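In the two complexes below, chain A is the common chain; its partner is chain B in one and chain C in the other.
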Partner chain A sequence: MKLTTTLLASTAVAVSTAGAVTAQDMANSMTLVSWGGAYQNSQVKAYAEPYKEMNPDLEIVWDESSNEAVAKLRAMDEAGNVTWDVVDVVAADALRLCDEGLAMEIDPEEMLAEAPDGTSAEDDFGDMLVGDCFIPQIVYSTTFGYRTDMVPEGVEPPSEICDVFDLETYPGKRALEKRPINNMEWALLCDGVAKDEVYDVLATEEGQQQALDKLATIKDDVIWWSDGADTPQLLADGEVFMGSTYNGRLFSVIEEQGQPVAMMWDAQVFDLDGWIIPANLPEDRLARALDFIYFATDTQRLADQAKYISYGPARESSAPMVGQHADLGIDMAPHMPTDPENSKNTFLYNYEFWADYRDDIDAKFQSWLAG
Partner chain B sequence: MSDGTTDPKTVDAPKADDPRDQAKAADNVDKDGRMLSADGTPLKRSLARALRVQKMRALMLIAPLLIFVLVTFIAPIVDMLFRSVENQIVSNTLPRTVASLSDWDASQDGAPGEEVFENFYYDLFIAAEAKEHTRLGSRLNYEQTGLSSLFRGSGRSVDDVGEEQIDALEDLNEAWEDEAFWYELMTGGENSAPTAEPLDIQRGMLERLTGDNFSGDVGFLPGSAITRVLPRTVNQYAAFALFTVFADEDVVAEEEPWEAVKVALIQELQAGADLSEYDGPGAEELRAAQEMLADQPQIAFKDAFIEMDEDWGENANWRTIQTYSPELTEGYFLNAIDMQKGIDGAEPRPENQQIYIMLFQRTLFMSLVICGSCILLGYPVAYLLSNLPMRTANLLMILVLLPFWTSLLVRTSAWKVMLQQQGVINDVLVWLGLVDDFGRLVMINNQFGTIVAMTHILLPFMILPMYSVMSTIPPSYVRAARSLGATQWTAFWRVYFPQSVPGIGAGSILVFILAIGYYITPEIVGGTTGTFISNRIAYHISSSLNWGLAAALGTILLAAVLILYWAYDRIVGIDNVKLG
Partner chain C sequence: MATYTLKYVEKKPLSFSVPVVAAAGAFAGIFVGAAQGSIWQGILAGAVLMAILTFLAQGVLSESMEKPFRWGMVVLFAAGGYVFGEIPGIVVGAIFGVFYGWFIYWIGQGRYREKLLPYLTPGQVLGHFAFRVICGMIFFFLITPIVVVMPLSFNAEDFFTFTPEMLSFDPEGYSLKHYRDFFTSPDWQQALWNSVAIAPVATLLSVSFGTLAAIGLSSEHVPFRRAIMAILISPMIVPLIISAAGMYFFYSRLGLQGTYWGVVLAHAALGIPFVIITVTATLVGFDRSLTRAAANMGADPVTTFFRVQMPLILPGVISGGLFAFITSFDEVVVVLFVGSAGQKTLPWQMFIGLREQISPTILAVATILVSISIVLLTTVEFLRRRSERMRGLSPG
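And now, the complex of A and B:
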């Protein structure tokens, strides 16, 4: 391990010491992989356009394949022809890619910029550095939104996670993601399990059954989604009363489209999204990828991204610099999942747990769903 | 052509029974009565040669397509299907462990003995250096939950094993931290006879482990004297040397060997390696080390691993490694039919994990329903199309084809808008007062939604073959039947319908086979009760990365289709199918 990191570090030093490497040593074309839509747009505006201004000869190609990045990278690797240079994935996928040896290990000290006040990148990102290959970019959360016009008369609007399981007070359909992650945690939480014991309980057969039994109480009223755009659509059509999705999607439904929908931040689950660099890139493309990463994950750039989308920057030093939405002109800070008002009760996606239990619990969950 | 064998006059041999040719033929017969061609070779042979040339030319003409299909279609499919039984990763990553585990009795309680752990240490060490241990962890995690993080965590701390003894060794003499000293010790100095054997063994293991090429100049050849005295240490050093040169691109003599080399040395010295005859470089340091190590405790691999993570003491984890150590496994196929490998062979999975058999049945059943509704809806349309005047028929044909030209996603999403509870159909029903506003019908995210959307999408595949068959049925047959006194129904049922059956057959095969592998539409409108087996295959390909299981499910699906095709051929007869 020692030996490979030396190798990586030496490449990184060569790149990160600005000016030591001339532009000729770097590839002048770069393929970035992202999610498409508003999110990719925020990256184009905040990272790619300023970077392109600094490197006018560079050609940036976008590929909207993050959804299948893990499978595609594996196929590319087996074919011996990896065409991607920097890939945007969620942290859980980054961990998988790292385990499969498909992503390059990174050294934050060497490869990422310091904060303006001199704090090292490692401290600035802190706990966000999940696994050995992941370069964090944003914090997003999976949380609930509900139709304000479907709240029964004389009842307080839903404000707690357990209101999702309360069909008597809040009758109507719910939209939940068609996978066990998050749903199992919420179910246990509302079945009387203490927050810090959730994963201990979920590691047992009985705990898994307990979570499924709790979900069974609302199963008939759930529409299961598999695409992040489903819940916003279902809410906008009035198909569901409340539904879980990514907070940025709800922001767009509420603020950009003006639908009668409100956020319910309780028990939101934080997750991370960021970059990985595929393993074994040729030298010139690696130099370009590292150069871009160094630029695109510095404090200012991460803060800039929040102008275009309501996801929190992964660096601590970026938080105070978050300003207003570029088009709507509203303050973005209160819409960030990390805002103190929103994050009174939160969960952090447990990467280690789900890396182990994902296949097992998913088999049970899908069997339960189909039954 | 130049030899004239393909000349039609010579190929078309005169027929002996044709009286007009008999005279001519007499000139072309040899003494055995065989017919000869113009150049005197027997006609049979020259005919065969001519045919062979023609066949070759035909083959050459289709060769580009044949090669294209083989390379880009058949080969990848065969490769993908092979993954359903392939399982080399375990024996490639843990070769020594697998060998020593083979005679461990898994029915005993607890973990295997010290020897297995010792081998496992050396396997895991090199696997962690090459970062292959996490891949193995992910692979085994499909079978036994928890192995993923167990391997990941142990890979991080495997270099702590034997720390105490290594420190003692290095405290005794700093030479044990010196790369140049190690290099000289292992090469045996300038006058030693080198041996390439350890390098060859380790090269083979490393190539199987990483799949990379490790051949070339290492800049290191083990000395035969030291190899005789300390074989394991030299082997470990050889692995280290190969890895340093080819994976890290460094020079062997300039790098301090990693911990596994030192652990091997300590083990061999403690086990009483005979140094009395050895007088090569480092002989004195070796003797001093052996003397000192005699007072040190032995390296306890099993305890070290259990201290690292108590799960290494679990019987189930080791049983999984043992069960999945062969290079080919039926495990994926068992999993694909809701079974698993137990202690005494195959056993059913726990009931709360069973899903695939049910999904296979559902896929077949729903494909049949979709196929049936396509026939019911498509037959009248095709009949109408083939019996209308050309101009009107063409117009209607465009209406049939129009959805065909629209994106699949658009069509599926349109059904969503139509069928959902706040959708067009429900709105109309409520407006008409047929349905209460709170009793809106659930028509999507279930089987009904999938059947409706897929019937619509696959309908053209049914109508087109039916139409092309029906348009060749002469209308005079039905007229003849009518004029002979048949009722309208009898004329249709006894005369027209039997002639249109080949069209139904062709359409059914197309629709059924397309439906059985459909994936996008059930995913979008299927909810939980309307999804197909292909949705699980897609999940395992793109999300869980369990390609072995996906391949097994795909193979079963392919086999099911082939069996149904065979049955169809036996019952209906494939000659009865007409596409036009």
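And now, the complex of A and C:
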């Protein structure tokens, strides 16, 4: 009698565990790493909240460490204690992490959702799939904004990239990022170099000097920024006339904060931002991370994100589904960097060139700044 | 050898008062000039304006004209302020006018000597006032950054900017929305809760261990006292980032990294040196014969400690505990390493906010924290005085 009850009980336990296998396979908490601010907020609204609704037991923790993700992941790896599950990084960082073996390689066909019309994930993301570990999310651009009330009287508002270098027509301070990337390209473009030759020229010593010389013509009027929040603050203060920053930040300054600022889309530089999964996660956490990624990068979710911030979805199939801003109710399509009206003249961040030349040009740029 | 008469408060020659007041005017001109765009013009204008006014007051007008002249200066400066900065300019200008009106006569009539000993040489008088000016400046530069953020935290906009509405004291320009944001945002509330959960426990640990260590190290029969002391104090001397990186790798191996107790232990380690230093300092004045007397009367060491020693060194323990608490409450470097996102404390949240989104919510939090610190320190100081008074240690 006693034996039978024990047997029965253990069978019941065995059956119930077998039934719960899929749920138990996945960890119950997940740490997502992102950039904070309005961008992270858009991810919370578009990805994390609906995902949490489907998985009520899941605890999602956000860590605003994307800025130092490479260094932190290295340290975690060295300490043998990786606490992150899914990490949002720019494409260049994803390439570095992938090269160092700190990020997991992904197979888009298997791990990412198809488009609603059946197009494979690989085709739907297309060129955005840079590197073997990167799961693209958005296209953002670095571009210029200017104070509309600081345009001199009787002068057309600035509309071309070279207006940034034209101190005579457009006197006033400029905010530029404290690194050579983008600035060097813009400088060459405005020094008579044809657009398709910019990187050939920049690969040479003379070309680099030429770019720095062009930048030197406005150096005295430049305030150098390092965080995405700097330029919006400087523009709102009226401390600078024009400044470069991420287009989503400018959207927020113009549409959400109502500051007298306007966009200048000419020669905007596209870049990609997306997820990576750290290498060698324990099985249950990896299963959770993959499940989240599959959900968060499908066509609908990527289109939803554009309701909260003006970054373009990385999937081709998401573009027609971009709607209106969640709070302001304005159409988001014309504010996307990928909108045809805005993208007449664009650059795409040249990952290969900068991977090869970054250290060298960085050093030159920094010593030029100090000199 | 200069000869001194008994009348020290006397009218000074113009060759003295004009340059002195002009120099003071040039100093103020630095700030006005910087605000208007050109420091050098400001300095020049300030010096010239003050020289002319001093010459007028001390060289042309009679002494009976002092009152009308000083009122005239207030009106003149307020009007000047209005030209530069509208309504707030009037206030600032009027304050400038009051001060410089007083200053011109204070220097010109030699009144600065009134409260000084009559036999001081001019050099000593200069030294006396230079000392005061330097002390005042130190206070000014320490306090201003804290004071400036307070009105900014009531900004109606989302930037660190004094808007034109704010400057003209328009109620539209002010808002409590950043305070509302702090009290309603789950991120900030979680951070506040984490800080409140971590700091007291870390303080308790540092106070217990620190006090015991200080008592042990102050008894003479402990070997290697200095070496042990140096090791215990080292978290205060080693650069924080080094301690933080070290703790990160060490705690990772122990499985403490990213846990509540990991952060508490790390903060306790940072707080211990403060407790040791303050308690050791109070122990210097502690009379050891009291513990022997207690033992003589049959008290065991634990009773002796709590009934005799502890009450006497309590001020040191409390101030050490306060420092430990503030260290934990303000700390951002170590928690960034040892904590994980689940232990995000207030300073961490502020750090993120400042980097990703320059939002005045940070200023609202800063204002609240400053107010709490002021209340806390005032209370402790009040209690200390009260207990001293009750024990008859200090008069009054």
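A few points about this structure:
The rule we apply is simple: the second predicted complex is superposed on the first by the 350 of 371 C-alpha atoms of A that agree within 3 Å, B and C clash if a C-alpha of one lies under 4 Å from a C-alpha of the other, contacts with A are read in each partner's own complex, and residues count from 1 in each chain.
Here, contacts are C-beta pairs under 8 Å (C-beta built on N, C-alpha and C of every residue); 3 or more make two chains touch, one makes a residue touch a chain.
The structure displayed is predicted, hence computed values, not measured ones.
By the touch criterion defined above, A:Asp237 reaches both chain B and chain C.
Looking at the shared chain after the overlay, A:Gly36 reaches chain C, while chain B stays out of its contact range. Once the two complexes are overlaid on the shared chain, A:Val44 sits clear of chain B and of chain C alike. In the superposed pair of complexes, A:Asn81 makes contact with chain C only, with no contact to chain B. Once the two complexes are overlaid on the shared chain, A:Asp362 sits against chain B while remaining clear of chain C.
Residue contacts after overlaying the shared chain place A:Ala326 against neither chain B nor chain C. When chain B and chain C are set side by side, the one touching more residues of chain A is B. When the two structures are aligned on the shared chain, A:Ala229 is found in touch with chain C, with no touch to chain B. Put simply, chain A uses residues 67, 237 to touch chain B in one complex and chain C in the other. Looking at the complex, you find that chain C touches chain A at residues 157-161, 245, 248-249, 252-253, 257-258, 340-342, 352-358. Here chain B touches chain A in the complex through residues 128-129, 131-132, 134-135, 137-138, 141-142, 145-149, 152, 159, 243-244, 247-250, 255, 258, 352-355, 358-359, 420-423, 445, 523, 527-529, 531, 536, 541-546, going by the rule given at the top. Against chain C, the residues of chain A that register as touching in their complex are 31, 33, 35-38, 40, 61-65, 67, 75-76, 78-81, 83, 227-230, 232-233, 236-237, 257.
In the complex of the two chains, the chain A residues touching chain B come out as 1-4, 6-7, 67-68, 70-71, 74, 96, 98-101, 173, 178, 209, 223-224, 226, 237-239, 352, 355-360, 362-364, 366-371.
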